[in-house]
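In the two complexes that follow, chain A is the common piece, with chain B as its partner first and chain C second.
Right, the complex of A and B next:
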């Protein structure tokens, strides 16, 4: 019998809103947690949620439907969605190779996958710009082919692929490691072709993790600022991202307008994550059935 | 498994993955050092010896030294609450703690301006008190704390959940006091996880750009952190200077990755991030 069972408080001794425990420190730990969460996150967040309405509902609507704001939101969220899609494929490939095809130096490569998490975004931004600028090592050959990456929406997508890369790898990799190869071998024995196995056996098992990773990469990319502003060119209506518009509005002391754009980003982000979550729930249900 | 068991298909996949990582991750890293040393070691060292760069480095270290311990204490308290007790609203609390990760860094800076800026809710009060938060080190610290809030907590919560409460209950039963139990039983059990969380928290605190950029005001020598200094130099077309400062941050990233990997290899059983695998 575990100590928890021996020491459980006698029934009816003292009714509490939480499950009784002999461990001390609940009020203190909960107090510290809630105080810090309120001071650092919830109170500031409430300012973001409340301040746009100083403009009135019509004013908020006017701000978020302003063509420049709409264009910026479209660029931030559109590029984030495209980058997350690319990262789904790339992340799947890298995770698969790391788990199923060991090669010399695998551990080093595994560690390098996390570099976009560790490298400050401003550093990534100027490095990517230097590479893809028209006179950069990759920018020059690409521009000779007629493709311009830096200072175009393509550059934004590229920077967002960089920042989102580790998410899919890190969510899919552990699931692949736990996936028993017996099932795949059984499918092979029963005559399934490799593409069939990949699609009908492996994919259903990793789909929920893949969606989680795509969601994380999308949320991160939609709000990304540091790695994007150097390579984006920041042309209004064309390559201006939503976080930059917030910065511009703040510089003009348009607090309510900046908060309205921030709130719109928050709502769009959570809508995206909600859609991915429901998709995941559907997949999980189908997986069990 | 050895290379001998490699199939042509496997080799092609490995090659594709390595090419993608090489172009996306290794090339930018190499580019930072290439550009920094473009005009030779002398120019590199001169750029690093700038007093403004040193002031930025000092501020970055100061901000991390304040924010990381605060969020480490928060992470320990949150993990103790969530992992060791059952109470209504527990999963809501977990969601709230994770939420700052899904918010744009610029918004994480914006919220502080909305509170303490010249036209902020508390702006006039702060002015009367003579306290400046925005365009000041205080604002930089607040923005950094918000951005790095989840790091330690999200590493410790799953770890402490896995470890359960048996050892703490045993200690209490044997007569140990609450703090003795915490410092002699719980803390030693989670020390590698705590270090892991602190490591990631610190890397983000020192490298944060968007949130800090909104509240700092970019005052050279005063409220400029290293990442902001990179931006200033870059916008002044001082590319050697910008990339020289960037090498310091890239070095920090590489050290972080090395320590993180070392922890993952040597203490895999004592880290939630790895045990989940």
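Right, the complex of A and C next:
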């Protein structure tokens, strides 16, 4: 081997993490990305992660295992999970109808789906409360049936369904549009019944997108504050959400305690999203390798 | 005649896709539906498969009324132009799909399904690729998987919708011969849609030519080529010269050339057609159609000549001698085909 080649080898090895690409701008793009992430993500997040430890490990543990905090976390994440589950079905149905069944006024409905994105969440919360309160137009008949929606966990779930719905619809819709109809026709000529086509042909194709949408809806719902506090009633241990607890602790100047609850939420959300994303990656890899 | 198609019509909004098509196919016949795009050939195929409901007409297969049956119940194998494979399933799972979805009573045992998949993989020459996913295969391989999948349900008839349309010329030619071989081995009645006349003429026992939702001719490739039923068919299945002419008192006059009209030709305005390869090029003193040579390109022993006859330009093969651009020659066709206008 010539000396030049020996010398060249380490240089090549040092650069090996960076794939050669004909597209320009990699160093600049990466630099901007990292700076941006630092400014808006990493620095605030590290503050959140560092702050609680002023209380010492035992202090953090005491805050996080406080029954009121545990109940709030359970309500926030439990309601978010249930709402995401409902949105999975509801969002899939809406996306399906929007893509497959051209009906008059479809564009209007299509635009309405995005409304929860645009509407101030507090407005949505107040509107839902007005309607579902025991003296509201829908709340009254429901309470006569013995179902109370406003000021109960059910109301929280309702508000979270509202804010999470567009995520599912908007992630599933383009994939459904992309799904060519001849695949379903092929399944039909092969003797598959409509439920078999839906379950074995359509669902696997849209599952990764559906999972992404559900993950987003879940994450959004877990941290939701504005729309929930109006309809939740905010009774400790029963209908008090974790974000509200954080605000309460802040108002009591218990910054470290608030950060501890925030840290707990961060860990739970991150774990949930990690699981959903790995599942999604496994699903998406099938048939694409 | 196991397949009898009678007076099928179908319109999509204002567009008439099929306008009263009647057609028959024998058991085990390889029939090609040939026509330009928009001629209704794919619509006809989809009617047979049960993916489209015709506005009127009847289809029977082996005495059974096909239109009264669901696409699912027809047991007709269909191969789509863009493969329509299930992306998230392996090749073997794709092939097994039609068997797996059967109700438990009619479903073969898993070991039997595996065996059948193996046999089909062998038939389409994809042994050992059962574990791959469609995305890992070439276009030609994907289409072979699609065919194996259609054959897995032991169909009573096989329909192919431009199956090689998305493949390159070389792969197409290979697959063509191979498809004919599969057809001969399985003995299935096969209907094949294409817009490529060469493919249709090469493969099929009989060719049905469609135009604007109507059948122009159904015949063997030889008959279609030699005795086209219309000027359109003549122009669609091969290169040739078509000129307006007139028949009066048994004499055909076309572009200034007069010759006795074939016996029984009715008088009136006609379209005169002949194949360029069956016309002699003669000096200007001889009897024939007056032609003027515009350009020529030499290739081996002969030349490709562009010439002008009666205001239209045509390309044909000619011997090297006697020709140069600008020269007047005479074209003497061996046989002319005359269609009334």
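Criterion: the second predicted complex is superposed on the first by the 243 of 289 C-alpha atoms of A that agree within 3 Å, B and C clash if a C-alpha of one lies under 4 Å from a C-alpha of the other, contacts with A are read in each partner's own complex, and residues count from 1 in each chain.
Convention: a residue touches a chain if its C-beta (ideal position, glycine included) is under 8 Å from a C-beta of that chain, and two chains touch if they have at least 3 such contacts.
None of the values given here were measured: they were computed from a predicted structure.
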First, second, both or neither for A:167, with chain B first and chain C second: neither
Contacts of A:151 with chain B and chain C, given as first, second, both or neither: neither
Touching partner for A:77 - first (chain B), second (chain C), both, neither: neither
Touching partner for A:247 - first (chain B), second (chain C), both, neither: first
Partner chain(s) touched by A:23 [first = chain B, second = chain C, both, neither]: first
Partner chain(s) touched by A:94 [first = chain B, second = chain C, both, neither]: first
Contacts of A:189 with chain B and chain C, given as first, second, both or neither: second
Superposed model, chain A: greater residue contact from chain B or chain C: B
Shared chain A contacts, counted only where both chain B and chain C touch the same residue: none
Complex interface listing, chain C residues touching chain A: 49-51, 71-78, 80, 82, 84-89, 97-98, 101-102, 133-136, 146, 149-150, 152-153
Touching residues (chain side chain A, partner chain C) in the complex: 180, 182-183, 185-193, 196, 200-201, 204-205, 286-289
Complex interface listing, chain B residues touching chain A: 1, 3, 6, 10, 13-14, 16-18, 20-21, 23-29, 31-32, 35, 70, 73-74, 77-78, 80-82, 84-88, 93, 96-97, 99-107, 110-115, 117-121, 142, 145-146, 149, 165-166, 168-170, 172-173, 178, 181-182, 200, 203, 206-210, 213-214, 226-228, 230-231, 234, 239, 242-243, 246, 249-250, 252-254, 256-258, 260-261, 265, 276-277
Contact set on chain A toward chain B in their complex: 2-4, 7, 17-19, 21-26, 28-30, 32-33, 36-37, 40-45, 47-48, 51, 90, 93-94, 96-98, 100-104, 107, 109-124, 126-128, 130-131, 137-138, 161-162, 165, 173-174, 177-178, 216, 219-220, 222-226, 230, 242-244, 246-247, 250, 253, 255, 258-259, 262, 265-266, 269-270, 273
